[in-house]
Amino acid sequence: MDIIEKLTEIFKEFPGIGERQAKRFVYFLMHKNPIYAENLCNLISDLKKEVTQCKECFRFFIKNKKLVSTTCEICANVNTDSSILMIVEKDSDLESIKKSRVYHGKYFILGGLVPIVEKTTKSRVRISELQEKIKREKELKEIILAFSISPQGDHTDQYVREQLKDLCEKQKIKISSLGKGLSTGTELEYSDNDTLKNALKNRQ
Amino acid sequence: MDIIEKLTEIFKEFPGIGERQAKRFVYFLMHKNPIYAENLCNLISDLKKEVTQCKECFRFFIKNKKLVSTTCEICANVNTDSSILMIVEKDSDLESIKKSRVYHGKYFILGGLVPIVEKTTKSRVRISELQEKIKREKELKEIILAFSISPQGDHTDQYVREQLKDLCEKQKIKISSLGKGLSTGTELEYSDNDTLKNALKNRQ
Amino acid sequence: MDIIEKLTEIFKEFPGIGERQAKRFVYFLMHKNPIYAENLCNLISDLKKEVTQCKECFRFFIKNKKLVSTTCEICANVNTDSSILMIVEKDSDLESIKKSRVYHGKYFILGGLVPIVEKTTKSRVRISELQEKIKREKELKEIILAFSISPQGDHTDQYVREQLKDLCEKQKIKISSLGKGLSTGTELEYSDNDTLKNALKNRQ
Amino acid sequence: MDIIEKLTEIFKEFPGIGERQAKRFVYFLMHKNPIYAENLCNLISDLKKEVTQCKECFRFFIKNKKLVSTTCEICANVNTDSSILMIVEKDSDLESIKKSRVYHGKYFILGGLVPIVEKTTKSRVRISELQEKIKREKELKEIILAFSISPQGDHTDQYVREQLKDLCEKQKIKISSLGKGLSTGTELEYSDNDTLKNALKNRQ
């Protein structure tokens, strides 16, 4: 394998990138001046150096150069509402909700969804880390499960509820899930039965 | 204009059909045996003869050959729950909800959405017919507004609420709207702010 | 099956129309005034009455009300170049070439492509009708095979060449096929090997 | 701008990559282990170090570590047919043709297409470099212009022909262009006039 093929293989691992586009990336880099390539590499190295995983929510965040901190700016911020904790699948879900400015509580990144047919679930998602975190959070009043609406998302919702049930009863923490119903752009004519059922049940 | 062009023009009015496909329909009919064409025309004539509009919900329905009835089988059915009335935009919305078997009350077809910038709204949607119907419905306890989630759908929701406000207060009828939130297939990462906001507000 | 379901089934046979759109057509017709439906049906009946198949080229054409003719206006036109005959798969191919105004000879509609694995080919395409036509055409100098570039199109090209070989040798008629190469919009970067090979072979 | 935003900006310059996917790349890199990132950066640096531009055809190629060469392996190969020279727009066109194994002559990369409305063309494409190369190529018998079929591609074809006319007449070099006609997958029904015209003209 020559350098072009090797780099194509690496780019093929990028999300949503196939063979053809991976190769286009390589040719693109060939044509770009060396400064662009150097800049890209420096930024990638910096990313790996400057970014670390929050010990509290497991989110990736940029280290503050002045402060040595093991927690991200959301977990560290005293203004963050410590009474609610939203459990999401992955970093990009957190970023999307954060950007929407509709939620001001804490987060926890589960690190994946729980496959419906799987025995060794614990090894895949951070359920014991979540349980430990809940034990530490004395002010916590509500846990919001925020998973995508899909068979796997629903299964993860049920799984997490079960795993947290005893702990939450003991600590008097309510568990809720994001509301289901019609979302922006939904047309009644083309809605599936589950969505109609939820929309009707959750009417207000 | 020859017959091919004339028929192409007619088919271009069909929902979702452009020039090219309209012409393909004409060639398709040319190639089909005359019995198919005759059958198609007979069914279209029958449709116009056998179908009538319900005097109660304004839905199109197939006339019962034995009974002379001015109301559809939903409105005529004594098992239909008369305490709830769902207001929908169009026939296909009603059919979709009916097919989902999640709702067993009555319906009313408004006949369209209310454009955001428009003065002469009343002439476009059946608001006075709806008011008259509500006055007749003595058992009615709740009106469910079921419009698509879009600026026009939201505007129609508000408009209908205003128009029915006094009447519903007088008759002690509750007005609700279908629940908003995450719908099947929604991924948190790609959700818009409104959907996230509704999902959070309507969590349970 | 009620009238709505029956008509949906009929519309599902239309080219490119699935269950959902077929049903939308039925609802569309329900809402349209009776005059539109009547007009549609009259035009469909007229189409079947006014259109006939040309005895020469097997194309469908609109009968001239004054003249009783068994041949279409292309075959009947004395200005049509009788020295060239283009063999196409179907009516819409002929219409597309006619519209482009790049060809002024005669046509013959084969009525389909020859599947690669099939024994009883003759029953599917008009090969004997084509042979008979060629025998009648005394001025014919060239036959142009004009099939789509696909495995089936190529196979049909070969099949027709074989079937016409002896006859064309005897009548001194040349057989050619449409040129292969780069077509409008082709990008070299994304071209397949066959297209590049043909483009190189047919360079000029 | 933080490191995530900076890197997103860099990835947005990658061909075909928008804001959303650029950000997904950054998160992807965050999650990947540091070895992957290091490997990627090393390969990018190597690419810029190991790749050089051929002095003859202006193609980018991987330098042979043992031999110090200023020409690529196609130009340096004695088995390459020196009597034909194919002019292409860009590296990826050359790679596509090379991969198809239908051409075994030399190449020249023009470095772009000539915009239809532009005065200062010479500065954009390597026309003087091409002229110099032709003067050096004593065995050259034919130049093949291989540009995409588009208004700009056609204009470039004409422009290059003009610029090479005198030189080629003097050196008795033939200029040809890739053949135009039906390409793989072309359906006659949906073909444009130019393609039909070329297909008819180039029939054989």
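Labels for the chains are A, B, C and D, by order of writing; each one numbers its residues from 1.
In this text, contacts are C-beta pairs under 8 Å (C-beta built on N, C-alpha and C of every residue); 3 or more make two chains touch, one makes a residue touch a chain.
The structure presented is a predicted model; accordingly, all values stated were derived computationally and were not measured.
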Exercise for the section: Could you run down the chains that neighbour chain A and chain D together? Expected result: none
Practice task
Return the distance between the CA-based centres of chain A and chain B, expressed in whole Å.
Solution key: 39
Exercise for the section: Averaging only over C-alpha atoms, locate the centres of chain A and chain C and give their separation in whole Å. Expected result: 55
Handout entry: Per-residue multi-chain contacts in chain C, two or more chains
Key = 92
Completion exercise
Pairwise touch list, complete, is A-B, A-D, B-C, C-D
Problem - List of chain A residues in touch with chain B within their complex - result: 88-90, 92-93, 96-97, 100-103, 144, 146-150, 176-204
Exercise for the section: Write out the stretch or stretches of chain C touching chain B in their complex. Expected result: 2-4, 6-7, 10, 13-16, 21, 23-31, 34, 36-41, 43-48, 50-51, 60, 62, 91-92
